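Heads up, the thing below is written out as structure tokens.
Letters are used for the chains, namely A, B and C, taken in the order the chains are written, and counting of residues starts over at 1 for each.
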Amino acid sequence: MNPLAKLLEAALFASPRPIPTSELAALDAEASPAAVAAALDELREHYDVDGHGVELVDQGGGWQILTRPEYTEAIERAQVAMRPHRPSGAALETLAIVAYRQPIGRAEVSEIRGVDVGAILKSLLERGLIEVVARGEGLGRPLLYGTTPLFLEQFALRHLDELPRVDELAVALSQPEEGSLGEPGHPVASGGA
Amino acid sequence: MTGLRVADTGDAFVVELGAFNGPLDLLLSLIRDEKIDVYDIPMARICEQFLARMHELALNAAAEYLEMAARLLRIKTLMLLPRHEGDDGWEDPRAELVRRLLEYQQVREIVDVLERMGEDRRNRFARAWFPALVAPPQAPLALSLVELLAAVDRVLRVSREPGLHDVVPRPLDVDGAIAIVRAVLALRASARWRDVVREDAEPWEVLSALLALLEMARRSELKLAQPRPFADVEILRESAGQAA
Amino acid sequence: MNPLAKLLEAALFASPRPIPTSELAALDAEASPAAVAAALDELREHYDVDGHGVELVDQGGGWQILTRPEYTEAIERAQVAMRPHRPSGAALETLAIVAYRQPIGRAEVSEIRGVDVGAILKSLLERGLIEVVARGEGLGRPLLYGTTPLFLEQFALRHLDELPRVDELAVALSQPEEGSLGEPGHPVASGGA
């Protein structure tokens, strides 16, 4: 590829939005409009002829490099097929507090854990394990969180009542730890949120 | 003076941030400038230099530098104490300082490595464009009930301290307090704090009343005035036409 | 390019973060680990030999496509994308200590740096460069911090092992077991002491 095409490729890759031709020209003061157009053609042809997973398209008010539509499904499916990732202790502790104290606000959870849980609550929300169930009283009417049906499903619980009461915890914990993943009768999580 | 960046405000702390990362940093730079052997620091000279630089950089108010200055002076004093020839039990009062300086020097060396590697990375851009269709893959979570319960147990053990589980804080009742204030102001054009809060009010009632007054002032339902410093606050009914 | 290489290219293009080999393998259930490795090689070579503005790198815990350094200046000058700020000396010192001593608490980091690091730890937490990995023993069960995958990514490291070992540093300590920083720590998997 010629040097200008490489520069354009790098810029298109790094840009968070489509870049109009006029802005692409600003990348190299020496380059004529014709040279920029030729470099864009070269880049587009290169992606097409060489068989790349991406393509150069002119839409949304400018040029952008996009993945080809035929790979979208595989990338989305991969999410489900991926090896499950063990949640951090911090995430589990936060989830545990929400499960036992719902409805509960961020401030209260943060106070119990001794550290701000804003980011963790956000990721639990994104995972669909908790949701906003109400707004609290008082100043600012804080959001209150509770667990979702998906939470029950992923822990193989029929109802929240099936969680052991706090005074029964010791008994529940004395069960063998091995059963935690993938065995019949034990809760297993699979599949993305 | 040195080529330090001094802020227009003359704020001592800004100078410090631009120049040194802390008292150990300052000390290390003195040792380097004066070509001193770290294992045999002349305490009197380094003390003098340290205090001079602190003064020069207007660091006299920074607690961390003051603490280091005090430490240096103490070591200097200990060095002056007479010791007997062949005294095996003598411990160099500088030993701890030397250890900390060497440890800090290691940190600075690692910082150089990180700085170089971070610079390399900052010279490259990652993909910034998110096509709407394709979300970057995110692995599912492996959740187990036993682990969740273990987390509950951990939380309980950690937070058993001052009553986090026994005390249910009484929620504030701002709406209730607003109703009380409205009732009082319906009867009279001005009121005092004691008119809207009982003598034996509980903390949550006091807080509710305070928030109610602030909220109502914000909504221009009333006006709060204090004729002179430390005088009682007057709660004045705001006529509807005056609302801002 | 072979179809697997194209699929990997599409997935790597779609992601702003490095993707571990295991997650790339999940994109195609049929593909053997050897095939994935070969496809990654093909992709990397293609970018190098064909002369692209981007390259494939293995760092930050996974594979990532990045622009080549020679285009950075032009891209920044044209305001297509902005380089992140250089971290302050205080932030770097704090990160260095956390990287080598993790899990480590605020008091210990402050002691080594000779200044209180509370505010800096908070900002490093907010920027996702460190995280709470455990709670210490003793009074108040202090929070202990460790570095995150984002730390590796931002410092172009594959593993923490790539940081110099303490005995490779110029400064030797007379009592290594007492005062030294130790080897770069390994991130602790989950919280809870």
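The rule is short, and it goes like this: a residue touches a chain if its C-beta (ideal position, glycine included) is under 8 Å from a C-beta of that chain, and two chains touch if they have at least 3 such contacts.
Note that this is a predicted model, so its numbers are computed, not measured.
Placing every chain at the mean of its C-alpha atoms, the farthest one from subunit C is found to be B. Legend note: the chain whose CA centroid lies nearest the centroid of all displayed protein CA atoms is C.
Centroids of subunit A and subunit B (each the mean of its C-alpha atoms) stand 32 Å apart. Once the centre of each chain is set as its mean CA position, subunit B and subunit C turn out to be 27 Å apart. Subunit A and subunit C have CA centres that are 19 Å apart. Shared interface positions of subunit A, defined as residues touching 2 or more other chains, are 10, 13-16, 65, 67, 71, 75, 78, 82-83, 86, 89, 92-93, 114.
Among the residues of subunit B, those in touch with two or more other chains are 125-128, 130-131, 134, 137, 139, 150-151, 154, 158.
Interface residues of subunit C, counted against subunit A in their complex, comprise 1, 5-11, 13-14, 22-23, 26-29, 46, 50-54, 65, 67-68, 71, 74-75, 77-78, 80-81, 131-134, 141, 143, 189-192. Taken together, the subunit B residues at the contact with subunit C in this complex read 17, 21-25, 64, 68, 99-100, 102-111, 113-115, 117-128, 130-131, 134, 136-137, 139, 150-151, 154, 158. Of all the residues in subunit C, the ones that touch subunit B in their complex are 11, 13-17, 19, 23, 26, 64-69, 72, 75, 81, 83-84, 86-90, 92-93, 95-97, 99-100, 112-116, 135, 141, 153-157, 163-164, 166, 169-171, 173-175, 178-181, 191-192.
Contact residues of subunit B toward subunit A in the complex are 125-131, 133-135, 137-156, 158-159, 164, 171-174, 211.
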